[in-house]
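I've put the structures underneath this note.
Both complexes below contain chain A, partnered by chain B and then by chain C.
Right, the complex of A and B next:
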């Protein structure tokens, strides 16, 4: 999967906005949205929220986990544990990037939030690399990882599976003569 | 008539009901660029389709209109078109609408009093001094008595044409009508005599955005740049500038009050605008202080930097402030922090001793990110030099679009390119001014001063563009006023000529008002140039000139050359005042003679 595809999936998440226009309910294939009344908060998917924000038709309200105190707790928790801790949202990285790119004036202390989320991400990636490394070294057959988000899986997924594939091929070729079908593997 | 608050409603009507497209005709100056940016942002919010056409003069305006008049019903003119009778020149269809947002004054009376097709965007408190309707246009009943026209239109332009026909054909006129015509002529003469500038179009557009509640910090910044452009080009009085700064200051505090709040401060990437009582030195934060002192017209003229004594005075000035030469000649950002801290106050104190009382000026600066800090005048210089870039052989439209792009925050590389070009331009201007003064190229022709640049002068190609030539002439006049001892010459206006296109043998000429302390920046050269040229373009058919401030001659109209009688001059095709014109080189001396006899 491309990271852009993962971001596309993340844009379906709901976020609260405060519009400054009014519109009746709109019926889309994926569901209904609205009605929009000026000054009243309403939940919309992120793709619509970003579009409306760029056209100056709404004000974004950051999700409740996007707060300096909470993110500090999450980051410290992540650093303490050896395994992965649950994240506030399965798309926390994409949402942070999108919201901070387009609506950083609606989010208080945006720079600190960016730093905290990046710290958390780095810790989790380090853990992922470590576990992948030990997996390969000990030639395990399967592994189970909880609380990983799609973006993190996507960064290592392709590389890991292809690397394991190659290693398997190399390993089977180490036993010469036992099977003359080695050429079939190519 | 004035349609300020309804413009928003009109635009909404356009998108929701009619889904029409709009044609934007934008003049070539920084104020127009800024207004255009604001309008483009508003259009993008509401998904209004538009086409942008940059125009550099009357010819281009007419051509653009003729090309597009079949496809568009709504035209928006930015910084062009207010001071001529648009309906007569362009001859539009009945259902075309013109929206005019122009800072040129005086606005043509036909444009003001037309109710149907022409909508003017002006601020409520902008005093237009328009003559009363009854003084210029007569009612229908009186008309029908005198002429047998069956036309029933109440279009002021038609009425005016009929009056012209009446007086031209020399029909028998009643005493009442004759008196009316006489007074009308006087009133129009006074009204259209001098031209000047009103509120910047960028500020009017920002006002519009504010009324529609769609104003952003970005648009506020563009409004600031538009106003600063008017100040840099000396188009408005100091009083008006300070008033407008006050108005913008209120908006700035409204948008930027969160910067002081520590708890919820904005991300560093967000744009912040700050009010500053900054130095008047051009580009000093992107240059070295020494270079900036040498190349700003104010300091260079006051210290007389073209002479040897001037250079000595500069050294004294720097020594007085206690700034070592080595520090001052390096890039401003690398200067010692201890020196930079109190720089403004130090410079102001020393400047007062050397006779430069206005070295500090109220302005705004913007900063975003950790590195990017610009003052409004920096942006003005950079954008002007991008717009009139002669280095590459790009078309004018490409340069226009590049300059337009450089106003967005995302195009910093273009902005830096513009800053480099601006430094070159300022240096070239200073060197040309110095050489003109030292070689006494500025001569008094009687009613005005005249200076002509020869073809072989270094950097003369830079001055083939209107705005650069205007800047050069203003700096030259300032320096000349400081250098000459002749009291009478100090009060004269200046006419400047430079070669425009060597192959075609054309010359570009510009006229600017005199440099006086309490000047109201009113220019009469537009009308004077027009008359000196003659009725049918005796010198040359109207080339690409710019619609700049103009005014008529202060001599009585019976003295106009070519024996034009006062009555017949009103029969001419619609007049287009231009303070910047293009001539053929061989016609130059004839034109000058005509101008001298006109003005003396």
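Right, the complex of A and C next:
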């Protein structure tokens, strides 16, 4: 899976906007949205929010976890724990990137938020690599990791599955198994 | 970013993949062995004694030492009709095995034959009392070096990686590439380049003349 596909899935998340136009309820295949009244907050999927923002038809309200204090808490907790802490949103990385790129004027202290999210991401990736290494070293049969987001899995997934494939094949060498490989032609 | 060509990977194990280029190159590596029966006039196959008429120069006597490529050794190996017998290459013997078990990270696997894992797995085809130890050593070497490959491939962005891959064998290099690709894809997405339209790598080499040059 490519990062762009993960971002596509992330755009289904809901975010609050304040439109400056009015529109009746719209009926889409995925569900109903609206009605839109100027000045009244309404929840829409991120893809629509970004689109409206680019056309300057709304103002984005940052999600309640996208705040410097809260993110600092999350980052510190991530550094303390050995396991993965639950993230405020399963798509925190994508939402951060999208909202900060398109609507940074609506989000206070955007640069600090970007740094904090990056720090948390780095910590989680380091933990993921550590756990992958101990998994391989002890040749476990399976492992369970909670609270991982799709983007993290996607970045390290291909490498890990290929390495485990190789390890599996090398491990089946240990059992001699059937020795019927030789074919006698005479 | 679809690839135009999907290579067949090496069949890492006791069987090779027939269509894999890596396996074909790997099976060209030489094993030390000796001729168990006399091989009259076959020395030319091994590249010796070409162009001479002397029968003794052109043949191998029983017991003479040979360096046989793996594909030939596998074909001629038969416990009933003793044509050749193979010995283990140096790096799979006792001395080197202890080096690997002490610290596998310092060994330059590229110099030791760029196909250490594949070649080692193929050696298990020949009956040899040390086979379980060889298999165990290969597995443990891979596990020990895994951490370093993972760290270096996931952290080296936009750098010259030739120093990092210099000591890896071909299998590890392929893994390194995969790790780099994951990292590059993520960084490219984060910079926003994932949604930019770029010319496909397939057509970039066509070198079409631009429209302005064609007119006039």
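The rule is short, and it goes like this: the second predicted complex is superposed on the first by the 172 of 186 C-alpha atoms of A that agree within 3 Å, B and C clash if a C-alpha of one lies under 4 Å from a C-alpha of the other, contacts with A are read in each partner's own complex, and residues count from 1 in each chain.
Just so it is clear, a contact is a pair of C-beta atoms (placed from the backbone, for glycine too) under 8 Å apart; a residue touches a chain by one contact, two chains touch by 3 or more.
Predicted model, so just to flag it, every value in this text is computed and none were measured.
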Notebook entry, point to check: Taking the superposition as given, does A:155 touch the first partner, chain B, the second, chain C, both, or neither?
Noted result: second
Next item on the list: In the overlay, work out which of chain B or chain C sits against more residues of chain A.
Entry: C
Item checked: Which superposed partner A:83 touches (first chain B, second chain C, both, neither) -> neither
Margin query: Going by the contact rule set out at the top, does A:104 touch chain B (first), chain C (second), both, or neither?
Written below: first
Check: Can A:7 be said to touch chain B (first), chain C (second), both, or neither?
Finding: second
Margin query: Quick check for you: in the superposed arrangement, does A:169 touch first (chain B), second (chain C), both or neither?
Written below: second
Notebook entry, point to check: If you lay the two complexes on top of each other, which residues of chain A touch chain B in one and chain C in the other?
Noted result: none
Notebook entry, point to check: Which residues, counting only chain C, touch chain A once they are in their complex?
Noted result: 1, 12-15, 78, 117, 121, 124-125, 131-132, 135-136, 138-139, 142-143, 146-147, 149-151, 153-154, 171, 174-175, 178-179, 181-183, 185-186, 188-190, 192, 194-195
Margin query: For the complex, give me every residue of chain A touching chain C.
Written below: 2-4, 7, 97, 101, 125, 129, 132-133, 136-137, 139, 151, 154-159, 162-163, 166-167, 169-174, 176, 181-182
Check: Can you list the residues on chain B that touch chain A in the complex?
Finding: 44-47, 213-214, 216, 263-270
Item checked: chain A residues touching chain B - in the complex, by the definition given at the top -> 20, 55-57, 100, 104-105, 107-111, 114
